[in-house]
Amino acid sequence: MGFRVAVAGASGYAGGELLRLLAGHPQFELAAITGHGTAGSTVAEVHPHLVTLADRVLAPTTAASLSGADLVFLALPHGQSGALAAQLPAHVKVVDLGADHRLTDPAQWAAYYGGEHAGAWTYGLPELPGQRGLISAAERVAATGCYAATIILALDPLLASGIASPDDIVVVAASGTSGAGTNAKKHLLGSEVMGDLTGYKVGAHQHVPEIKQATGARSLSMTPILAPMPRGILATVTAKPMHRVTEDEVRDVLIAAYAEEPFVFVQKKGQQPHTAATYGSNAVHLQAVVDLDSGRIIVTSALDNLGKGAAGQAVQCANLMLGLPETTGLPINGVAP
Amino acid sequence: MGFRVAVAGASGYAGGELLRLLAGHPQFELAAITGHGTAGSTVAEVHPHLVTLADRVLAPTTAASLSGADLVFLALPHGQSGALAAQLPAHVKVVDLGADHRLTDPAQWAAYYGGEHAGAWTYGLPELPGQRGLISAAERVAATGCYAATIILALDPLLASGIASPDDIVVVAASGTSGAGTNAKKHLLGSEVMGDLTGYKVGAHQHVPEIKQATGARSLSMTPILAPMPRGILATVTAKPMHRVTEDEVRDVLIAAYAEEPFVFVQKKGQQPHTAATYGSNAVHLQAVVDLDSGRIIVTSALDNLGKGAAGQAVQCANLMLGLPETTGLPINGVAP
Amino acid sequence: MGFRVAVAGASGYAGGELLRLLAGHPQFELAAITGHGTAGSTVAEVHPHLVTLADRVLAPTTAASLSGADLVFLALPHGQSGALAAQLPAHVKVVDLGADHRLTDPAQWAAYYGGEHAGAWTYGLPELPGQRGLISAAERVAATGCYAATIILALDPLLASGIASPDDIVVVAASGTSGAGTNAKKHLLGSEVMGDLTGYKVGAHQHVPEIKQATGARSLSMTPILAPMPRGILATVTAKPMHRVTEDEVRDVLIAAYAEEPFVFVQKKGQQPHTAATYGSNAVHLQAVVDLDSGRIIVTSALDNLGKGAAGQAVQCANLMLGLPETTGLPINGVAP
Amino acid sequence: MGFRVAVAGASGYAGGELLRLLAGHPQFELAAITGHGTAGSTVAEVHPHLVTLADRVLAPTTAASLSGADLVFLALPHGQSGALAAQLPAHVKVVDLGADHRLTDPAQWAAYYGGEHAGAWTYGLPELPGQRGLISAAERVAATGCYAATIILALDPLLASGIASPDDIVVVAASGTSGAGTNAKKHLLGSEVMGDLTGYKVGAHQHVPEIKQATGARSLSMTPILAPMPRGILATVTAKPMHRVTEDEVRDVLIAAYAEEPFVFVQKKGQQPHTAATYGSNAVHLQAVVDLDSGRIIVTSALDNLGKGAAGQAVQCANLMLGLPETTGLPINGVAP
């Protein structure tokens, strides 16, 4: 009864959220948890909020420590998943939260990440048409990036339905600071980020090729913003309609696309998504309007970058890969205020 | 299988957290939920984070709408529980999150709250020695105040063990803004509270008599501070030792007091409690040190004012009153960062 | 020596910032200050940070109380400036921080604000080509809106130079909460805004016609976002280049446009503007990049919505109107962290 | 006309605030500014908010680079001022923002800081009785610590007047994160501090001996709290009255003590100090109440830890040492919201 799952990279923010979800998952038993600089530490030292796991000790991140699991989550810095995954036995299923296996085109990998391309795995966004079945059948799944999930879920129905043009999509997306990870850098200090908004990687973010690959977008300008909050992404996705459209028409496209989806919620007309409403959950909140002046379609999309944008997404994929109900162990309601 | 529970005052912050916990509780079915100004609204309009309850409609707060439940949670403004509770059938169990039935002394009620005293119910803090059994047997329970819970759990073992004096206890406790409720007042606007710390009700907070009643403290100075965060209380509780003590001796008192408690966690030596580590949970984190200069005992105590300080506490009591395992449906790990 | 200036609407956030700037202005003496609901209150009650003005009492907002000044600042809710201004003597100069007199086209006023159009005054953005002279000569000046200032200063040089197309401009701009004013509304409570990002007036913001009027933009999609901080606006302004351009070419356009401007600072290459760096100042920080995928020009623009976006802007105009050096009494360095 | 002043340690937060104040000081010309790891950087890279100094380059921190100034501010890590100060010519006046020269008792230095004691200088808190004259005559001044300033200004009048007992003083004081400096440590990341309150150095803070030395307190328990905001300290200082006192009596003691002080403001009765009201200023806001239950005197005290708690304090001392009006170049009104 149940499965044994392991977490490599358990000391990062995505790793910590994975531990939290796995600790509450009724079908998962937590096998090895590993860290790099934190190997030998207890969870109490690294994640004081995870009191039920306080005395668990982080092992070093090696294939040996992970191989006893039925499924391994890799929550490693970009570029480190490929080598480790290659050493895991074939019968061990793997969900990679990193970017290494998302892109199918080695040239795009080289352009946006650099280094050797590890090769593509099944893309782990179950809400994409046809993708759920592929994930269920896969042994290795590359979960989506946090920005990518936020933007793809807003954009894909517009392009798939033909209501919007794949050319000249413009996105601005703001993220909480946990997206920048646990590395201590001066510009991420509380003193620096509280009260501040700033752009970063403006015009050159590495999730652009991932979004284009998943949606068929042909031209995509994406500006990421660092926002003064720990979690959450709000994406403003604007696209040109193929012909003049109404707000109701665009909303209907989103509603139809996600009618059966357990984690995607199109807001009632007039309500805008709030990132705070998704905190701690695997939910995505969407809304669509049509710009009065330009006629552009504007879809706003909110999720928790550590939830549906990382750890929740990964557990959702793992549930599918192991034949469990997709929603097992995943909160849908956010924690607010 | 299961119990029907109702929530009166479901549109406040404590009410919203109750709905979130109840929606995830495996033994509770949500009967009526009521509001005052929000009667007729949907949960989607009032609590956009609670998507699984989005279409539920708030009823007016009347005894009639609540009477069909096995247990009713009252999350009403102070002074409003008494009259409503008196109208509920005797077989309906009640947990009051408000202050109306906490104090045994009408004179204290008059001094700190004013108006007529509704009479005392069983005090709903299961971790107090002997209290768990009383709660289990009670039909009506008055859950603790948020500051009171934070401070009592830090203070009671010190006084019960005789290690600290009940005279001249000094407490400063800071709370997130949700403790001030959903009433729109200028001094609670985001523009006002972000970046600000300020005292309020300094020297005259209404939880003082509650803490004294529960712990036997004889003299208690308590200063509440409003802190720029949505949730969480951190209390610094200082007391004079009866004789010179070491940090280890004080820690041992706390560890012994809470060895069997599922929700109280004495931090490892050298680690201080973080309110963020309790966010969304029913956990309390404690630590003790002895002041180098004065020799005072300093116990720091952190919890989520809407969790163990309100809604979690209330569900914990309800579990006991209904014969369920005490931890049913209650998160112990916090959501962080 | 010096001038007497009055402030109508001194109890709002823009009014408070005006008072702060005026209290430190070497050439201004503060005549009447007025409020609506706060008439009769002291500054100590309304703006506890303004200790040097603590005992000043707010008068009711009437033409009589304002008429003794050389110059009056109107910091009133939209729609209230017109009637009051009409009652002020012709020799009293007026700077309106509200929207009433910004738009030249009554149809645009009707479409975005509603009610009767009060008529257009000289537009108060000195950095617009040719505008400084008009402001210096004017008796009545309509200062720019906060979003409008942020966006116009980013956009105008692109259009004026011909490097970008006036069609299909897409803007997302996030503002701190003080932009929403001092009215106590639940969605602006600290509990609601901390940790949250959300869109509002998406696709229909009233600054759109103002920006188009000032820059000649022909199509403009603008999405405003409410950000969890008290002050600051960060605008991401994207425009299609008329032909393929480099980052250096775009930066050179901005640098040339603002070479002589005392308040506009194009960041060094590779540095992005931070709203926190403009806090409390009259500065605007700009940067330009060219999007790798789409080739769109992306200009990011940061300012303090109460500074250069409101009160600072207004004082800058007043300095010009009264023949003072433009920078008198205006901080250029921000207060950070 | 004017003096040449230099800043050693200009890349920290206190150093940055010093630069901001000095840039706006009408009598100071900025001579050398130095950094350690940042030597060779421009101010634009280190302090993007200080645009008027953007192109200034930080020199290495050596006596040679500083010796040309009339007065040098040392804003160095604790333990580094002594050696550098010893190398500066005797005619160069020095204000040390660090702790090295505050304590008169080498044993206290050893107990709380460790290492060799550099010897005591004139203590730089002009509001202490008799201290203003000493500072004016001094060549070397040790400015107060940030917590120390907040607490001493609340406590000293109580003890000096004899209204409160010097025994058993209990203080809890919460500080914004800039007090922890610019060193990038994980526990100071925005992701960690936003939404969190936690104690640190509980029961053993190094400002305790400084406060006792300045005020004559005999027993002092002080608990520091890290608060989720960039700046500001709010101290809750409680002391036992020598005999039963009223709120008015205590307030009168504070009012009398600071009647002539330009930077200390006792709030009107019923108003509590707000740290946000002191942001960016050299002001201190105080209030006193008497605790209803215990009769303890509670004085709350708010200031900007980088202003009156560090850089502002230092400039105030420098003004005195150079014979300038004490308030020259120092903001008194805060920047809010």
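Read from first to last, the chains carry the letters A, B, C and D; within each, the first residue is number 1.
Criterion: a residue touches a chain if its C-beta (ideal position, glycine included) is under 8 Å from a C-beta of that chain, and two chains touch if they have at least 3 such contacts.
Each chain and its UniProt protein: A, B, C, D = N-acetyl-gamma-glutamyl-phosphate reductase.
Just so it is clear, the structure is predicted and the values come from calculations on it, not from any experiment.
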item: Greatest separation from chain A - chain, by CA centre; value: D
item: Selected interface, B-C versus B-D, where C-beta contact pairs are more numerous; value: B-D
item: Length of the line joining the C-alpha centres of chain B and chain D, rounded to whole Å; value: 37
item: Inter-chain centre distance, chain B versus chain C - centres from mean C-alpha coordinates, in Å; value: 44
item: Of all residues in chain D, the ones touching two or more other chains; value: 13, 176-178, 191-192, 194-195, 228-231, 274, 276-277, 279, 337
item: Interface residues, chain C side, partner chain D - complex; value: 13, 16, 20, 23-24, 44-45, 47-54, 178, 194-195, 230-231, 265, 267-268, 271, 274, 276-281, 283, 285, 331-337
item: Parts of chain A lying in touch with chain D, wherever the complex brings them together; value: 13, 176-178, 180, 182, 184-186, 188-195, 228-230
item: Complex contact set, residues of chain D against chain B; value: 168-170, 172, 174, 176, 191-192, 194-200, 202-204, 208, 212, 219-223, 225, 227-232, 234, 236, 238, 240, 272-277, 279, 287, 289-294, 296, 298, 300, 302, 337
